[in-house]
Amino acid sequence: MENLNGYLIISAILFSIGTIGVLTRKNAIVIFMCVEMMLNAVNLTFVALSRHLGNLDGQVFVFFVMTVAAAEAAVGLALMIAFYNNKESIDVDDVNLMKW
Amino acid sequence: METLFFLIISLVAIVSAILVVTCRNPINSALSLILTFFCLATYYVMLDAPFMAAVQVMVYAGAIMVLIVFTIMLLNIRVNASKSQSHKIVLGTIIGFFTLINTAVIVFKGRVAIPSGPLTGEIIKQQGHTELIGREMFTTFLLPFEITSILLLVAIIGAVILAKKKI
Amino acid sequence: MDMIIIPAVNFTPILPEIFLSVLAMVLLLINVFVPGDRKAYLGYLSFFGIVATGVLVGAGWGGHIESFSGSVVLDNFATFFKMIFLVAAGLAVLISDQYMEREQCNHGELYPLILFCVVGMMLMASGTDLMTIFLGLEVMSVSLYVLAGFNRSNKKSNEAGLKYFLLGAFSTGFLLYGMALTYGATGTTRIAKIAATVGQMTLPSTNIMLVAGMLLMLTGFAFKVAAAPFHMWTPDVYEGAPTPMTAFMSAGPKAAGFAAALRIFLVALPTLQVEWSQVFWILAVLTMTVGNITALRQDNIKRMLAYSSIAHAGYALVGFAAGNPTGTAGILFYMLSYAFMNIGAFAIIILVGKKGEANGNVQDFAGFGVKHPVLAVAMSIFLFSLAGMPPTAGFIGKFYLFSGAIQKGYIWLAIIGVLNSAASVYYYLRVMVYMYMKDSTEEFDWMQVTAPMALCVAISVAGSLIPGIVPSIILQFAQQAIKLI
Amino acid sequence: MLDYVWLIPFFPLVGFLINGLLGKKIKNEAVIGAIGTLAIFSSFIVSCMVLLEMIGLSPENRVFEKVVFPWIHSGNFKADMAFLVDPLSCVMIMVVTGVGSLIHLYSIGYMHGEEGFYRFFAYLNLFCMSMLLLVLGGNMLVMFIGWEGVGLCSYLLIGYYFHKKSAGDAAKKAFVMNRVGDFGFLIGLFTLYWWLGSNHNIWTINFTEIKAASHLLPYGGVVTIATLCFFVGATGKSAQIPLFTWLPDAMEGPTPVSALIHAATMVTAGVYMIGRMSFVFIKSPETMMVIAVVGAATAIFAATIGTAQNDIKRVLAYSTVSQLGFMFLAMGVGAFGAGIFHLMTHAFFKACLFLGSGSVIHAMHHALHKGHLHDDAQDMRNMGGLRKAMPITFLTFLVSTIAISGIPGFSGFFSKDEILWQAFANPYHGNLNYFLWATGAIAACFTAFYMFRLVFMTFFGECRINSKVKEHLHESPLVITIPLMVLGFLALIGGYIGMPKLMGMLPNYFEHWLDPVFELATEYGAAYAHHGEHSSHALEWGLMFGSVVIAVIGIGIAATMYTKNSTLPKRFTDAFPSLHRAVYNKWYIDELYDFAFVNPCKSFGQFLWKGFDVLVIDGVVNGVAGVVMGFSGIFRYMQSGLISNYAWSMAFGVVVMLGYYVFK
Amino acid sequence: MSNLLSLTTFLPILGVLLLLFIPKDSKGTLRNVALATTVVTFIVSLPIMFGFQSNAEFQFVENIPWISAGPFVMRYFVGIDGISLWLVILTTFIMPIAVLSTYTAVEEKVKEYMILLLLLETGMLGAFISLDMFLFYIFWEVMLIPMYFMIGIWGGKNRIYAAVKFFIYTMVGSLLMLVALIYLYFKGVEAGFTNFGLLQFFNLQLPLATQVWLFLAFALAFAIKVPMFPLHTWLPDAHTEAPTAGSVILAAILLKMGTYGYVRFAIPLFPEAAHKFAPLIATLAVIGIIYAALVAMVQEDVKKLVAYSSVAHLGFVMLGVFAFNVEGITGGLLQMINHGVSTGALFLIVGFIYERRHTRLITDFGGLSKQMPIFATIFMIVTFSSIGLPGTNGFVGEFLVLIGAFESELRWWTIIASSGVILSAVYMLWMFQRVMFGELDNPKNQKLADLNAREIVIMVPLIVMIFVMGIYPKPFIDKMDPAIKKLVSQVRPLSMSAQKMSEAQPSLPSGHTGIEMPAGHPGMSPETDSHAAPVANPHEAK
């Protein structure tokens, strides 16, 4: 498969954009979405590699990553809701009770 | 042809990904993300992994993103939340940029293992992607598969504990 | 289309995991019927379950069974770490009830979550496939996110959970990317196969994809064990999380992180040892230094111990950097001792604390030594052990870790380590200064030492002292555990 | 009896232990005094027996060594508790025990009614023991025990009236100055020991062994260093320039102490030590010269100060310093026998003088006490005309004064004249001899002057004491006067055992007696002696005559100034006010020392403590802690609590790590 | 009784167990039990002293497997030779005194105090008897803990600063030593050693560069403990703040750990490096002597003064030890014991007046002699012992140190160090004078009671020791002599110059110098000395 590097680069780009999102955004949900984007970028890598290598390990991995993403989404969003209930905000800059 | 298609999809994917990061409104971000996911699903199809594409659309674009959007709605977050400080954006972008450079170099300079697996496009077409995945999952990767069940159970309990109004 | 035939599998390696999962589920069910003020029974039940699991795990000592087509293995290494997790969990369970009762968040789900968390950690320790390890890690992490934010009416707990979650997820991204790159470079996710493939490579260290995969995985584990600069979440999360969970988090997941990392790096990537040793060298220095130095100025004792926990990760990384049997056995020993001494210390903190996480400052310990001499002595033992004073387990642990580094030739690393160790003494002593040397009118009359608490403290004291005096009883196991990798 | 030589220091030790430990319980002064006196007197008896036995031996056999028990044996180094009896130590033990016994006896009367009477006797016994150890010591280390021991006792006895600040200060000063000397002694010892040991593998500090090996020692060089160090020790103990200032201050102690320690015995230890090691000293012409010059200088220097003092004991103290200077002069010119001889005669007359002054003070004190006056009982300006009230004291005092002034027929004459003659005629110092002689002669003149000034001011003229108490002045009791008489008698006749050959009336027993000790030194000295000019008898007679004249001149001046024309001293002081002030204030030596050593030491100490210890060292220590703490603060504030920052830090870590390996 | 050493060492632990069962209000019982424990320990240690054979072997050896894991094998390997013997005895001797001194000084938390004292004793004894380097290190560190608490809990105003400083200061050094220790062990493993046993390491031939680093690490740890200039500043603080018994033990025994460490470990393990650094260490020792004396001179607090005097005294010890000859090391060791006795006594004395007046400022006193004659006498004896007056213990040690150092290459250092003799007199006597002499003008001082029976009982053994060791030090020297000779032989072969010199010179039999000299012989003839020389000096005769 000749285009492996293309996929890998795309996934690298997506991964980086996700990183930038995590680093620059304030909204916790958006940050979480950016994390999801990073995970997806990795998924793309896995699938591309899996296809290239000719074994399915990578794709199975992707499957599990999706599960993990789902589980994390459930817990994460629950945490955000709990936090929102306390703080009336979902801005990460408001997560500031504990420092120093 | 395929390359062109790949490039177009890539463009869409990247643009939508950038939009995820830049959109003020979380809803817009979420929608852009869904678009990105669809692009990824397209890639998966191109990579002879139709099952993955389907799952991608269903689980990610469908389930997870719906959950996210739902939460956004639920929390009714103000659209115009205060802007991030510019230094944060600059620093974040710099790091992201370097991440990209690093990863790009890794991709270009790294040596991928020699293809050794049994699967080729034909075999996949012949046997069906779904079956292959399923077979792997229930034989070789049985344990991880079982673990996911625990993972999901934990997530459920967690979500209940954390978000239920009264326990 | 053939039927998928599920191969016959040997369940022995994951018997403890199964046992614990079943127990957790049973507890979940029972929980429904247990009234709010009786949740302690769940705790007792899970404690006994953990003890039973301990027996089960112990019974597996010496065996070497691979199962699930190489996804998981039962070996001494895994067994040793499973014991550490069980110790951490068992002690955490003992101290949970009183705290949760006081903070009025005594939900029965706590115990199943802890148990699931242990399952996740066990899978990390026994997993021989990146997937197993990843999933184990996620099971652990997700449970921990919940446990950290368990006291949901408490803002700090909330924040802790959220912080841990966001950063944890972020680090998962890196870890995963690392696994992806490793997969790309080697074509497999099986640790044994990775090892084989890498072993056949000429100059694996020039394959940047492999190296990058290794580094990114390292990042992920570094996050879990709280190594600088991936440690930043630690103080905040430890401070905010419910204290028993802090105790648990500081001991269990850290050990789990090391377990997984050790297996991956020592078994799969021994040929890259030069590279990862270098990285761990630097990480160890950074971690120790940042942890210790920042801890010097902390008043909140939980936060202080959080920084101390970072520092201890740094010490363990010294052993990791050494990467030889001495150092790695040291990690094993240290993690076990650390579980005892740290949870013991947290137990005392819970006892001294008041509702709403009040009374959690170092200053609040003033006069404690007079009013509660026995507990104060216990606390002193924990602190001395943390500080690495002989004849405590902490000393022997550090001794082996630093010995590993010296044996490897990393003299400077050892020197930086001991200097850090000396600096750390200050903040541990500070607690004792308040306990014994400052007068206070405080009567500590709200303190109730319940039986589980007392048991926890007693076990912890024994666990911090006995291995310090006769370390062979643990060390020989650690040595054997390391040998089989 | 020689085997029991250890009894000599042992008796005083017993006395010390009894009085020291039980004295407080005994309370009875008579018993305490008796114990103390008996102890030393027993030693005297033993000493006499030892002396007799020694006399019975042939001269070359008069060396006896007795090891009592092994003391420090380590490696090459061996020091036993060993005693050496030879003619020199015989002289010394006789002086110490003899004069000591008298002074003990005297003290019973003098110290009557003092608080801590037992303490006094205990110390006195301890002193005697130490002194006896010093003189009997068979090696340098035993000598050093005594050497330091007498310093200790001196400290204790000077500080006897410890409630007086001046006494405490004086005691400390004495001890510290002695210690400076001891420092020299030790270095000398080390040098000698090391040199002999490393060069000839003779690791010893035994006097006899050193003597046996002394032919191996070179002339000058290392011996000069060693002997100079020893000499520093001697200057400390014997109050020579530059370490003499403690002795006048030491007069804060009770008068018997001054007599025993600061006149008759302890201060002569330096002289004795040089005599003991004459065979080493003589090997260094340089040292000999230094000793001679220092001795001469001290003699005249102290004499000048003595002329202006008003405190009776201080005059005597400076006189002692001055006389010790004479002895050193003798040692320095190689006249060891003469030096020891002067040591002995000086012990007699100076002890007598001190005891006499004690008797006077005692009487004055008593009188003033009766009259409820607080005048200074020691100030000569308050005295005068005491000869009538205290005839025995006066007489003995006068005899001793004449003796010290060097009037023929009295003991001091023989010894001092011998020294002056040797200073002039010795073969070692060439042209320096004239200077030495001249200095000595002038010092002798001053001596005569201030001693007679003392006598005149105290015993002659009108009684200047408050008339109210005049009738309370009485002669002291027998227990005081008997020692005075004995000592006075000795001062009178003591010199006849060492008459110069020149006079030829009696053989010079003393010199013959000491010959075996010093002959080796003379032998060594011959190596560099100038044999050119043989001094004539005429010259000797002439010089002797000259010195007598000089003494008489001194007496005459004193008589003129203090009996005939009492305004003269005042006129004199008015004419040279600054000179008088300088002399009166002892040439400001104390101030100089304060300025040059004491204060710098203190302020340096202060600086080191406050400036260096606290500021620099602790500053560094605390500074390191502070820096670490500062970093702690910085690191702490990096922990901003913001998730984005944390994530940034993580991403940064990843980027750097990857970057390093990617771009390596 | 082959396990006499262990018995001695762990008896105090037994006492601790006993104390645990005594209620904390019955202070009398607590004190008595603690005292009894220490006394029994002392009595048990006596057979060690008497049974000790004067040879260079390690005696009362016990060697039991302890830890064996990975590359490390640690054994419970204990034993004493002439060097450690006296330190063990000193420890057991001082402890009852220290305990007795707390009878009235410590009224609060008696139980804890006694427990700590006993733990400390075990720690100290353990460190002195350990022949396994790891075991030594354990005890070495363990000692810190009780001392830390003693200073921190029962100390004075600034106690916390002092305690923490003490702890961390010492810790820094010892941890670096630990690194060196481990490194050394691995070097030993390369040479085929299988455990931490100290003795085999003496034969380890290490290249000089390695030795230098290892020596520096060891030396630093020990130098801090000694403490040597400029690492001494923890000591005055610790001493000033510590309670009396703490100060006594600190001065009498804990500081000896440092010097003992040099003698037992740093020097024989790394002889070449030790030689190389001897001038440096001697310089520091000499600076310490002079510096501490000058600083002591201007102290206002008696205890601080004594503390600084300790620095000076231990400077002498270091000088002697680094002379690398029998005299110097013997002197150093004697001086260690002397310092233990004398300075311990001084601290007790300071404690006595502090108990009475609750001040230690020199200016608050004056004229105490009048009011407290017994005290004055004892104080004076101890003062003079500290000054090193001949006849007292201080002299023997100091003298041997100086003469030993003078014989060695450290001649010029010795000369400067000797001037410390003067300075010590200055500061001690000045202090003594200001405290004891003068008018008794402070009304508070006028009703001070003299020492009571207990206090006298405390002081008498020390006083006796002061004189016994001063007048008849032979038994002490005899027992330590073979061990020291062995030590010197371990160090000496490397300094070839000294050996050559003694070979070149015809020599005198060192066995009989002067003692058997027949009476009446004024010395031997020159011929006899140069020929009768079969055995040169004992270094070669070893």
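General remarks:
Read from first to last, the chains carry the letters A, B, C, D and E; within each, the first residue is number 1.
Quick note on the criterion: a contact is a pair of C-beta atoms (placed from the backbone, for glycine too) under 8 Å apart; a residue touches a chain by one contact, two chains touch by 3 or more.
Quick caveat: nothing in here was measured; it's all calculated off a predicted structure.
Counting only chains that touch, the fewest steps needed to get from subunit D to subunit E is 1. The most distant chain from subunit D, with centres taken as the mean of CA atoms, is B.
The distance from the centre of subunit A to the centre of subunit C, with each centre set as the mean of the Cα atoms, comes to 25 Å. With centres set at the average Cα position, the gap from subunit B to subunit C is 30 Å.
Centroids of subunit A and subunit D (each the mean of its C-alpha atoms) stand 96 Å apart. Averaged Cα coordinates give subunit A a centre that lies 7 Å from the centre of subunit B.
Counting partner chains per residue, subunit E shows two or more touched chains at no residue at all. In subunit D, 636, 639, 641, 643-644, 647-648, 651-652, 654, 658, 662 are the positions where the chain touches two or more neighbouring chains simultaneously. Residues of subunit A in contact with two or more other chains: 8, 15, 18-19, 22-24, 26, 28, 31-32, 49-50, 52-53, 55, 57, 60, 64, 68, 71-72, 75, 79-80, 82, 92, 95-99. Chain pairs that touch one another: A-B, A-C, A-D, B-C, B-D, C-D, C-E, D-E. Note for the complex: subunit D touches subunit B at residues 644, 648, 651-652, 654-655, 658-659, 662-663. Considering their complex, residues 2-3, 6, 10, 13-14, 17-18, 20-21, 26, 29-30, 33, 36-37, 40, 43-44, 47-49, 51-52, 55-56, 59-60, 63-64, 67-68, 71-72, 74-75, 77, 81-82, 84, 88-89, 91-93, 95-97, 99-100, 103-104, 106-108, 112-113, 115-120, 132-133, 136-137, 140-141, 144-145, 148, 151-152, 154-156, 158-163 of subunit B touch subunit A.
Residues 625, 628-629, 631-633, 635-636, 639, 641, 643, 645-647, 649-650, 652-654, 657-658, 661-662 of subunit D are the ones that touch subunit C when the two sit in their complex.
Against subunit E, in their complex, subunit C makes its touches with residues 325-326, 329, 370, 373, 384, 389-391, 395, 399-400, 402-403, 406-407, 411, 414-415, 418-419, 421-423, 425-426, 429-430, 432-433, 436-438, 470-472, 475-476, 478-479. Contact residues on subunit A toward subunit D in their complex (touch as defined above): 19, 22-24, 26, 28, 31, 92-93, 95-100.
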